[in-house]
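Labels for the chains are A, B, C and D, by order of writing; each one numbers its residues from 1.
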């Protein structure tokens, strides 16, 4: 990479992705301390260690055009895609001003009409949903070169929903990036209790889709793979299965100390943020001062987003309309 | 095959499988005409064209030791495994004397305590069930070299249940033969609307299981592959995925004329029974007289089984205990 | 030229495809083959690319149409049998049903569920699932009992902006005929008095409407006048029409083809006693199928579900209290 | 040393593993990690090979334990949350529930469903599914409300030869304590009078038992004596104990945490009016959660489910009729 000439556009994307990583890490550190201080409503699930993967996917997607179903560890991807920071803090703090109005929380937030569905908890369920969004557009002749993306963990690959969704997307030849982040564990469950193939990427052939594998701690490699996969999907080559490997650098949720992750494994693994910082400097993409500035700006942004949300009201049960249906005719 | 020396045991198995094929075809022809005569309760689903595949699997399994979950097109396998002909005729004719007592019918029959579960209709659901049977035995230290087998169609591979079941069986390293009969259609739906890989066998690697492929119209080839797969499973090598290809030579059910199957495809395909007959003769396994005798005996057996069942009573609603639970204590 | 119930469904789908480019049909074998019950016969040819064969993946099929609906489509999802929607259960009750409440975005899907028993269908091709889906907030559940309703309610359902579970009864497919398709006489959410009476009210829906009418005819010979109310939609339930009837008759039999624990009949009884306890002259009764899976043999099946005979026994019981 | 509700579940499982070699536990993260709620902590180590981490495959997990049960095992299947059993729905209602009726072979599985709301859990970690499973013939559904029942009913469930859905309430896990584990005071299938009274009967189950008792205490200040009946199992329902209570009080409030359409409370009301219409002095009432998904914010959540306050409002309504 260092030797290759990087186009201005590519450089802008790299910058964008890197900023998202830093902002995400800053935000998640803040969420973690808010959680420990008892300020958060419900659980906190972080994506530490997976920012390079997530941010690079969010970066190659185009908001207002593409559709993206992030999962629990996709703060970086959401940020890169263009999610408002206030959506995050308002949701975690259970504010009625957030997109879920306090009706749902934490990672279950989204804005389906802006291309980002709000995940249900059931793993695997978002894949067919994203497929359907693209299907509807193609039916209407409005797909053009828009694409979709959805994230899953190694554990989610064991769900019937994942299988049915990926197979259906392949049969319908829909332009979807199906990102599997293999972080070696599903909650406490190691890979060898989750699947018995050597490498999940070997599933691509069985679905008849293109497969890509990448070291998820290598930010520039992630950017490359995501860019390729997005281009291939936009060009009409159907689903792109990406398997990205990176250890999760936190518990399953902030309530979990993750002591089931063997110390050797932790010791071996590197933090994608550190890798990305060196990559930015080594390639002359950013100086150390610029990086420090980004970090500083991120802190300011996060502090501000938390502060704004904190002043806002929580939902008032007497004002909620308690309607599960949108229709409000006389009988319904 | 013609040149190899066939052991007496192998020859006995070939005879056994061939007889099952003939008996199955004879029986199914009879069931078809009973259906057309309005004598059958409910639908009739036949396995014509798939007898070689099914019978060879049923032949390598050992009744009283192995467990076997046949699907809708497995009359030949059931017969080879040792299912009583009367179970078939009683169930199709809705007799209370049958294993399902008229509570369930046609292909939904079984005797779970004799190693043959009674399938529910939901495709894919039998795989995890068979896995569980083997799991329980292993837990108790009673598995020894027993194995299990379950059949699916090309269409069933699209179910989440199939995926979850096969993956779980692989993770638990259970000795199961997972037979996928690709007969090119699921009801009317062709393969290209079912999956987009070139060959379903490419899925084996993704599950981390051994894969076998076979021409399902070639009886001796089927016997070979089933024998190998069973040996491998008995030896502790975990699930064996077999993809066997053969066109279905009848409708989805007897109500269906299958006119969605293109004439060219029909023309190209051969009938495994005819192939098997030549194979038996060419290899000197059976003479044409012996084959004629087998056919004759089959007719007699089928006629008798139909005649016996026809004389028997149908269920009397006033005598059914209408109990969905086995417990009959005072409150339950 | 009289139309059958299944032809009414076919006609509704054809018209919907004609009238709105947002409508498409997804389901196993619905394309060239025209569907297991021929509800989409010829439609794939007439509307290229909009009547589509699905892989055997009920979960993904449901998820797919939900996503499509969020993007503005109005998909019709055909389940080959209602029983197989058990595989799509999670997407229906957790994705579709919660979507509006959680996100404010409605999901205009219609799920067609070929429901109910026919002789020789057995435990997995006979189920009625309306009570399961109606339990969940966020779903509308309709159960047309007539040819006109099969037509009108399907057209209305697909144009509704919320998810609708459309429970069509297989037993009615071919024997029920009507001379014309009255356009939408009543909106979804309103019950219909099928047969007036003054001695007792049977509240029922779907195929059981016709069994109730037969029972009412039997009792007429003894001089009893039984009112039969067709719920039409089991969620919402039109309690006003029911109460108007109960206030005339003072007696209620809630009748359904489903399993006996909970479900539509329990909901109807509970609503009626809450709203009009003082109007009742006798303990309200329920009659459902028996508490076992639906049996396969026609004789068992006929004894498992309510029949005109067992309904009239219940009614006699109710009238003599 | 007082034991909590979750410790009672843990103890029951440990004893079951000790007492029968046929028992094993299958579920996500139940092994070395000890389960999301620590219900199996240390058990994998104590019983090697019998407390096993499952892949995230609820359908196959359920199918697997069903097959194992047919071969004589007595598996306990832990769902990480009851809400995720939606994915196992097909195997539970179509494979397990129909098995005995179809084949004559019983399926002694126990499915542990961590159920019910806690503040901040949201729509997919708060559901109660008892009404869904109880609708199906062939399943026993239990809902322990006390530490002793959490223990005793789990032990009894696993030793039953039919499938049992064991709905344990997450809200009770850690605050509910008992000094001793009374061995099986009452068998599954019998309800318990938790608190005697003569003015009205609240029939409820699981966590709502405790809310009902609080409401009863509140009303006691005004001189009302409210009887509280804990169903313990919602299928079967012990109608005898309920009717004995109603014959004393003449008034019924059926209370539950589930969604309001159908379900346990509708079943209870329908049974009571069928069996004892003449015993009732007022229209029987129901109180359930609201008809929306379970909301995430604690304030919304508290308003969504019945509370001592809303229960006592209902009771006052019932008493003044």
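The working rule: contacts are C-beta pairs under 8 Å (C-beta built on N, C-alpha and C of every residue); 3 or more make two chains touch, one makes a residue touch a chain.
Remember, predicted model here, so these are calculated numbers, not experimental data.
K.L.:
Could you tell me the least number of steps, going only between chains that touch, from chain B to chain C?
P.N.:
The least step count works out to 1.
K.L.:
Where centres are the averaged C-alpha coordinates, which chain has the largest centre distance to chain A?
P.N.:
B
K.L.:
Could you state the distance in Å from the CA-based centre of chain A to that of chain B?
P.N.:
45
K.L.:
Averaged over CA atoms, how far is the centre of chain B from the centre of chain D? Could you give it in whole Å?
P.N.:
Using C-alpha averages as centres, the distance is 41 Å.
K.L.:
If you average the CA atoms of chain A and of chain D, how many Å lie between those two points?
P.N.:
Whole-Å distance between the two chain centres: 36.
K.L.:
Among the residues of chain D, pick out those that touch two or more other chains and give their numbers.
P.N.:
54-55, 57, 59-60, 83, 86-87, 90, 94, 97-98, 101-102, 123-124, 137-138, 290-293
K.L.:
What positions in chain B touch 2 or more of the other chains?
P.N.:
Counting only residues that touch two or more other chains, chain B contributes 100, 103-104, 108, 120-122, 158-161, 164, 167-168, 171, 193-195, 323-324.
K.L.:
How would one label the connectivity among the chains shown: line, ring, star, complete, or other?
P.N.:
It is complete, because no pair of chains fails to touch.
K.L.:
Within the complex, which stretch of chain A touches chain B?
P.N.:
Within the complex, chain A contacts chain B at residues 158-164, 167-168, 170-171, 173, 192-198, 200, 202-209, 238.
K.L.:
Taking the complex as given, what residues does chain D use to touch chain B?
P.N.:
It comes out as residues 21-22, 24, 49-50, 54-55, 57-73, 75, 90-91, 94-95, 97-106, 137-138, 140, 160-162, 187-190, 236, 238.
K.L.:
Please output the residues of chain B touching chain D within their complex, sorted ascending.
P.N.:
Chain B residues touching chain D: 99-101, 103-104, 108, 110-113, 117-118, 120-122, 125-137, 139-140, 160-161, 164-165, 167-168, 171, 323-327, 329-332.
K.L.:
For a test of understanding, state which residues of chain C touch chain B in their complex under the given definition.
P.N.:
28-29, 31-33, 36, 53-57, 59-60, 81, 83-84, 86-87, 119-125, 290-293, 295-300, 302-304
K.L.:
For chain D, which residues are in contact with chain C within the complex?
P.N.:
Listed in rising order, the residues are 83, 86-87, 89-90, 93-94, 97-98, 101-102, 123-124, 131-132, 134-138, 235, 254, 258-259, 261-267, 269-270, 273-274, 277-278, 280, 282-286, 290-293.
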